[in-house]
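Take this structure first; my questions come after.
A, B and C are the chain letters, set down in written order, and residue numbers restart from 1 in every chain.
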Amino acid sequence: MNSAVVLLTVFGLSLRLSLAVQVGLSHKVLVFPYETDFSFVALVPQKELELRAFTLCMRVATELPEERQIILFAYRTADYDELNVWREKDGRVSFYMRGDGVFFHLPPLTTFRTSLCLTWDSHTGLSAFWVEGKRSTYQVYKPGHTIRPKGSILLGQDPDKHLGDLEAIQSFVGEMTDLNMWDFVLSKSAIHAWNNGHQGPKGNIFDWATIEYELHGNVMVVEDD
Amino acid sequence: MNSAVVLLTVFGLSLRLSLAVQVGLSHKVLVFPYETDFSFVALVPQKELELRAFTLCMRVATELPEERQIILFAYRTADYDELNVWREKDGRVSFYMRGDGVFFHLPPLTTFRTSLCLTWDSHTGLSAFWVEGKRSTYQVYKPGHTIRPKGSILLGQDPDKHLGDLEAIQSFVGEMTDLNMWDFVLSKSAIHAWNNGHQGPKGNIFDWATIEYELHGNVMVVEDD
Amino acid sequence: MNSAVVLLTVFGLSLRLSLAVQVGLSHKVLVFPYETDFSFVALVPQKELELRAFTLCMRVATELPEERQIILFAYRTADYDELNVWREKDGRVSFYMRGDGVFFHLPPLTTFRTSLCLTWDSHTGLSAFWVEGKRSTYQVYKPGHTIRPKGSILLGQDPDKHLGDLEAIQSFVGEMTDLNMWDFVLSKSAIHAWNNGHQGPKGNIFDWATIEYELHGNVMVVEDD
């Protein structure tokens, strides 16, 4: 339960909430039904996010209008956004590691589920999104960079400059499922396997089937039908 | 023929029309060829619509322009719209149970047939549309609500505040077929079965093969080719 | 190494660069990560481009905005653009042989790889683009024309009126791979074979597996995953 203690440190507001780490979301979907500034899911990683490469995959669906900014994944240490993934106001999908981000033109997120992966490798800086198993054009982003460990990982909200300062207008509304993360770049065939729901390498940072998570505010866990 | 009497009570104007309840539309399509304020099909349910959950499915095609409001299904008791399904002016598809509705961004209805299901469960409030068997993002809508019985069910027109007050500008023009309704939420696989025309659980409120219906005004029953 | 000498003659600025001709890009992708006026790849053909017919194929992906002009292929002799392929500001794809060009409405180039071929035959003037193996409508363009030999072939930049004068605003940003060129019009089935990665006739002007090329500026050669 160390991770729960870390979270307490980072989000002052969490002190008022019951922190119950739950385990495993196999065949489950997270439903964020309303726009709020208090609903989120904190994730406890299997290992620290000291990363020089990663693959992050999730399935995501939203009814939010196209011009609305949406946080898709937020990993923050004390003073920095270490790894944030956004759907931007202009519809592009982006990610940021400590400072300026990189932007991709992908098919729009819709009310139907989109399978989305993101890969990045510090050695080359090559980064790409994968939509339904199809890779976007590579972009070179922050070669040589390292993601720092010992932060907090949230779904549904972006913890802003002031920790715990959450904004409804950036919140996620919709469904997320099948989030997995690896500390290396998956091969194309492994991403295809994940996309098709076949057995591939299990996420060694997050594995949806055994993921440790805490629900805060109004988030529903629904059987995936 | 109790249900026909109920209909007489609800729509004063029906007194002037011949009320002939017909049975069964297997392999048939309802064609609403023109915009009118007098053409509709009244449906007689197998059981009263006292509902805490439902699945409503139909196949629908229309040439109406995208910015035109269209009524897709109307169930009304004396003073309330109990369950209305609309294509809105902004293109979204919506449903309403007594008051404010809930809105979904779906692929547009077109001249080609769209398979459309709607599921709602009072226990959780989870509601979703299913397009060609693909589920939209869940929205939470009126958990705890109950749909009231003993109303009238129309295709093609929306009976407005003043009963029998129909508006051409909201009327349906196009084709409807294969409408089925259940008093529970169908499983994903059962919706897929319906979508693919395979045998699934028969609708226990409406079963297109044995549905009781009355044609009013200019509605054609056409063999489905 | 004659061709390298030719290149030296044509591009004065090349004198300052190390000219290392490399061979073969099998299972490799060229990544042009940034908008520059100095990054390009010079190609050395297997035979001179004295052409009365050709087929040019490549797979291309870009993140550049739709309204941005993009050079896709440039072959220039001393005073003329002999064969330039563009994505125009209005989104159309075009090619030019000495003077006015011809324009095609194709599906937009996106962040995902597009398989693109271009065929032209001097005898009839019939020209067409092939997208994922599907042929565009034929257009008749410069029947009787001959493409002249002894020019320079660039990917990534358009050498303008003033030789060596490159413009960032026309440069290519994104990925190119699997470029092949033949001095005749490939059959539909041969284009399908190329499109599907099957063995067809090897390019006799360019064959990606054995292509001779020189990297200039910031261009990456990446393993195709």
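Everything below uses one rule, namely that a contact is a pair of C-beta atoms (placed from the backbone, for glycine too) under 8 Å apart; a residue touches a chain by one contact, two chains touch by 3 or more.
In this text, all values refer to a predicted model and were calculated from it rather than measured experimentally.
Viewed as a contact network, the protein chains form an open path, each link joining two chains that touch.
Summary of the copy comparison: rotating chain A onto chain B for the best CA superposition needs 90 degrees, to the nearest 5. Centre-to-centre separation between chain B and chain C, using Cα means, comes to 55 Å. Rounded to a whole number, the gap between the C-alpha centres of chain A and chain C is 39 angstrom. Annotation for chain C: no residues touch two or more other chains. Only residues 29, 31, 33-34, 61-63, 65, 110-112, 174-175, 220, 222, 225 of chain C touch chain A when the two sit together in their complex. Interface residues of chain B facing chain A in the complex, by the touch rule stated above, are 103-106, 124-126, 129, 131, 134-140, 187-188.
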